[in-house]
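Chains: A, B, C and D, in written order; residue numbering restarts at 1 for each.
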Amino acid sequence: MSLFADTETRVLVQGITGKEGAFWSTHMITMGTRVAAGVTPGKEGQNLEGVRVYHSVRNALKEHEADASMIFVPPRFVKDAVFEALDGGIRKIVTVAEGIPLHDALEIRSAARSCGAQVIGGNTSGVISPGKAMMGMFPYWIKRVYTPGTVGIMTRSGSLTNEITAMVVSAGFGVSTLIGVGGDTVPGTRFAEMLPSFEADPETEAVVIIGELGGTMEEEVAEAIQDGIFTKPVAAFIGGRTAPEGKRMGHAGAIITGGKGSVQGKVKALEAAGVMTADRPSRMKDCLREMLGGTP
Amino acid sequence: MKLFEYQAKQVFSEAKIPVPRGITAGPGEVTKAVGNIGLPCVLKAQVLQGGRGKAGLISVVRTEEEAVSEASRICSVPGVNLLLVEEFLSIQEELFVSVTCSPVTAELVILASRYGGIDIETLAEESPEKLIREPVDIFRGLQGFQARHIAYAMGLEGQAAKQTAGIIQRLFSLYREFDAELAEINPLCITESGEVTAGDAKLVIDDSCLDRHPQFTMRPEHFDDPTEYEAALEGIPYLKFDGDISLMCAGAGLTTAVFDLVHYQGGTVANYLEFGGPNYRKAMKAMELCLRNPSKVILVVTFGTIARADVMAQGIVDAVRELKPDRPVITCIRGTHEEEAVEILSQAGLEPLFDTEEAVRRAVAAAAGEVHV
Amino acid sequence: MKLFEYQAKQVFSEAKIPVPRGITAGPGEVTKAVGNIGLPCVLKAQVLQGGRGKAGLISVVRTEEEAVSEASRICSVPGVNLLLVEEFLSIQEELFVSVTCSPVTAELVILASRYGGIDIETLAEESPEKLIREPVDIFRGLQGFQARHIAYAMGLEGQAAKQTAGIIQRLFSLYREFDAELAEINPLCITESGEVTAGDAKLVIDDSCLDRHPQFTMRPEHFDDPTEYEAALEGIPYLKFDGDISLMCAGAGLTTAVFDLVHYQGGTVANYLEFGGPNYRKAMKAMELCLRNPSKVILVVTFGTIARADVMAQGIVDAVRELKPDRPVITCIRGTHEEEAVEILSQAGLEPLFDTEEAVRRAVAAAAGEVHV
Amino acid sequence: MSLFADTETRVLVQGITGKEGAFWSTHMITMGTRVAAGVTPGKEGQNLEGVRVYHSVRNALKEHEADASMIFVPPRFVKDAVFEALDGGIRKIVTVAEGIPLHDALEIRSAARSCGAQVIGGNTSGVISPGKAMMGMFPYWIKRVYTPGTVGIMTRSGSLTNEITAMVVSAGFGVSTLIGVGGDTVPGTRFAEMLPSFEADPETEAVVIIGELGGTMEEEVAEAIQDGIFTKPVAAFIGGRTAPEGKRMGHAGAIITGGKGSVQGKVKALEAAGVMTADRPSRMKDCLREMLGGTP
């Protein structure tokens, strides 16, 4: 049983008939994900790869049961889709869109927290437990990146995740579950909030964090470890060590001002909590071998 | 997008937050503007950077001659094209108020202090007890009692408290209305006559929502460099530096990692450019932007999912053919359809690399003049 | 305050809810209006009562002659001073949508039905399954998915569903913006060409908030009787009836109770008037309003707390002195400072009663011509 | 221990320095109510009858403890005052103002319910337990109306309440606690919601309801009795039996349309639940004597 989605998880796809939604839903199914039903307003009665499409989450849930929802709608419609999923009683939601308005992100997080739901994203590739289930967009067909294993991964990035995961695999390990929390200033779920799930997950032996400059998510992980909330070994890669101050490089969250959110600060906090940090992707191999015992 | 002071002040003024009387003026329009505003008055460079006072970009002038000479001095500073000419306020006290959000708690937050006019992050660090922090439920909005609480907690009384509470409420409303990331008044001035007025005005609008506020368009002044502006118009994240290697990489995380690797390797970066995500079909434009720099090598590193490797490889090949770059192009293109990408690059005579760190080493070497490629 | 159809349609139209083209016209302006709208068109009496169709107050006309004769017929009905001349719609289907609130759950509620154009309370009673009921969190507001859910639950498809969902969202927004008690479209028409358009428009604004919407003023047409209008301008709750006894009582509850007692006793009411609460110092105006009626007796019953008995008694005494009513005034004034009230009334020759039912008996007797007072 | 406010209840008064606030606060104190502190923005440092005034509820609660808040502010400010009291952790609130905007009333009720608070009013005289505590505006000095006793009263009216309560007293009984739920369409508290408190109150032997046409509060009482939620004897007076249809008589709630909310319907429902109804004030005496045993 993977920690977010599994072969048994019944997944609803909101925005299933859109170009991206249809493409990735097909891939999700191919990978083994149990897609229960799809939702696209106005398209009830259509189907995609045998999955029935409904006007609304409520209509879909009249005919099907669902444990999670995968949202493939444009950024301006994500808030409404999340609220619709919550209204339907769904408490595990993945949203990948890039460009969700900040105020919408705040409303999403506030609404989700008030009903105990977990919203992953946006601006992420989603969640994958290689070989079991995928909610999002991953090149799972590249075996040198997405091999099943015992390393949990949490990431704020996209392409860099492929890069680092390739190192995990080339070090002889594999991935239990990869959670892309995304690159937004206000993501639905923060690194530290996933730690209890990874702690409880028998399939995860260690966790790799792929962070970046800006924000405080990495510092929160260090704090959770210091507080004893997470006890498994952790390694971290955080890009932007040489980034100049005040320049916004990349994601919304990736800006450093006045020393806050600097990579140096993050590395210091993490190392103080016993986390091994890699300053370049290839070092991740050494970290993992040291933490988990070396495969050559 | 951060607005210029004069733009933010117009928004604030329309939201009924008092601002000083002011007029914008180009270098040649200062005399007229000063005549309109009256003397003494204040000249303020309309640039986005902070610390304008210390940088000599704000000047109180008492005569027309002084106004003209100060205006020409300020406008001679690179990047200064516009002044805000404002009435001079006799200031009794400077406060600080702002609306922002806390990513951790996902709450809207009002920050305020009796001790404004200074760098507020320093204040927060050195005297956190002087900074008032009031969280606001995003669905219910800022309540009147909260605004009053803030004003009284700042130690204000009477009319000053009342006016400040009102300003905080209006600042909150415009924060929501304008999809702002930050709305800030520092200093919020109490004048000698007891009026509360926004001395400065900062408003940062969520880039995701700029289309909802078409009155604010991105302008060259928003950028340090004209190429950055051009890239932004194309939606391509781009930052100019002074080094040798033009990065053309996929994704913020990977590009930043490559940026680090170049420096670890002893190299320097000419530009940061994200060629990936929604821009993965824009190889031509991306390479064009890289070629604007006097860089010595172009380094392409990708590891895409949706951004298909074959499409990107073909784009690079086409761009090389079309633009005939005068410098080596190093390619490390992986991810979806990477086998086809290898084929495409090889046929075009570009060596397909697979290891990011190896690609960086090659680039640094090439920039140093070592002919490796 | 309930708006007239043409006022509500203007609000709806400004909120981007499609309404038919229409022009208001007085009895003499119909030809011009019809010329402007074109034939055939619809003449609709601008009155507040429901059931205008059945009452013959709506008429489809196909020629100018017919328009003129129908207009003069409709305008001859008492209370009709204004027509709305509207384009004729070829209607395929009639829906119903409304926004209101549930006092019990204190939720905002969208009510909607595929089966509009009829009395919706009858529908609710006879076929409740045909009425869709969607509660809305007041802090979060109506979400897009809810509006779509309603449209699909109504059984709509395609463009009709999309347009209806949009109209529901805009109706909700204006409900909030205009402090409405009710915003309703019945029928919401789907025309032969597939457009969704508001056939009628109902908007009731919370009386507590009328000052926020000064464009809508209370007008004589809002009332059945000119005296009711005059009373409303004074803020005095007043209703005219055809009976003998003018009530001038304190508080809605007590006035209603006295209203009942009069009827139990075999009497009839000339007017309901609340003289109490904020109006307890308005004895003169209240009695003046009572005297407008050809009533036979004025019955004053109060039992006030803030509304001081002595002030009310003195007001009555002054009013009697000033207005010299041609009919008996029976007083039962109790509550705060009632001892002083007794004194004041007695000195002025008015008998102070203490028992409401006794006062009513006296009033009914007096109205019947029995000289008791 | 009275069911809402007692001699021990520490009451905050919001709007204490206003004309009405000052006048009635003084009366509340005179009657024995324990007024802990007052709030009026801008008036911190003043005092009223020895009660200190603060800028805000938070400031007041720094120096004093409070169990309940009495709100004397103009109708447009009631919502803010209620939210301020709730923010301060106060869960018993009385608000008397007439003319609270409907949308504000909805927000008040929604906010109060979400944190389990009880808001009484607006458009009411408030709450009184004669001889013990008063939160609101009652002519407690008229002994033939406000005599302590064992009859609980709930009312939607003002003057009529004095009228009916006088009957209760003249029948030889007295009042345990009187709750004015008020005449608004959306009151903070509904009749039926007070019934569990009256049921549990050892000082209340019977309850009198003073209703009126419109709304469904009386029907809800009938339902609660039918459901066994309330078991003490109940009598009711409901005015408007002879009111014509479609005329709005009195309060916002008092309108009958299409047979709903008619007095006839209410009387029928109440009588079916075993409630004695009085068609005129004086009959209330008979009802009580029959229910509670006759004092002459």
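Note that in this section a contact is a pair of C-beta atoms (placed from the backbone, for glycine too) under 8 Å apart; a residue touches a chain by one contact, two chains touch by 3 or more.
This one's a predicted model, so the numbers in the text were calculated from it and none came from an experiment.
S.K.: Kindly list the shared contact partners of chain A and chain C, in label order.
M.R.: Touching chain A as well as chain C, we find B.
S.K.: Pull chain C out of the set; how do the leftover chains group by touch?
M.R.: one piece
S.K.: Can you check which chain pair, B-D or A-B, has more C-beta pairs in contact?
M.R.: By the number of C-beta pairs in contact, the winner is A-B.
S.K.: Averaging over Cα atoms per chain, report the distance between chain B and chain D in Å.
M.R.: From the centre of chain B to the centre of chain D is 56 Å.
S.K.: Whole-Å distance, chain C centre to chain D centre, using C-alpha means?
M.R.: Between these chains, centre-to-centre, one finds 28 Å.
S.K.: Let me have the rounded angstrom distance from the C-alpha centre of chain A over to the C-alpha centre of chain D, please.
M.R.: 53
S.K.: Considering chain D alone, which of its residues make contact with at least two other chains?
M.R.: Residues 107 of chain D touch two or more partner chains.
S.K.: Hunt down the residues of chain B that sit against at least two other chains at once, touch-wise.
M.R.: Expected reply: 137, 139-140.
S.K.: Assign the assembly's chain-to-chain touch graph to one of these shapes: line, ring, star, complete, other.
M.R.: Its topology fits none of the listed shapes; call it other.
S.K.: If I apply the definition of touch given earlier, which pairs of chains qualify?
M.R.: Listed in label order, the chain pairs in contact are A-B, A-C, B-C, B-D, C-D.
S.K.: Using the touch definition from the top, list the residues of chain D that touch chain C in their complex.
M.R.: Counting only chain D, the residues touching chain C are 20, 75, 98-103, 105-107, 109-110, 113, 125, 137-139, 141-142, 155-163, 166, 183, 185-187, 190, 210, 212-213, 215-216, 220, 237, 239-244, 247, 249-254, 257-258, 260, 279-282.
S.K.: For the complex, give me every residue of chain D touching chain B.
M.R.: Chain D residues touching chain B: 41-42, 44, 55-59, 77, 80-81, 83-84, 87, 107, 111.
S.K.: If we count contacts the way the header does, which residues on chain C are in touch with chain A in the complex?
M.R.: 140, 143-146, 148-149, 152, 157-158, 161-162
S.K.: Touching residues of chain B toward chain C in the complex: what are they?
M.R.: Chain B reaches chain C through residues 137, 139-140.
S.K.: Quick check on the complex: what are the chain C residues that touch chain D?
M.R.: Residues of chain C touching chain D: 101, 103-104, 106-108, 121, 137-139, 176, 179, 181, 206-209, 237, 239, 241, 249-257, 259-261, 263-264, 272, 274, 276-278, 302-307, 334-336, 338, 356-357.
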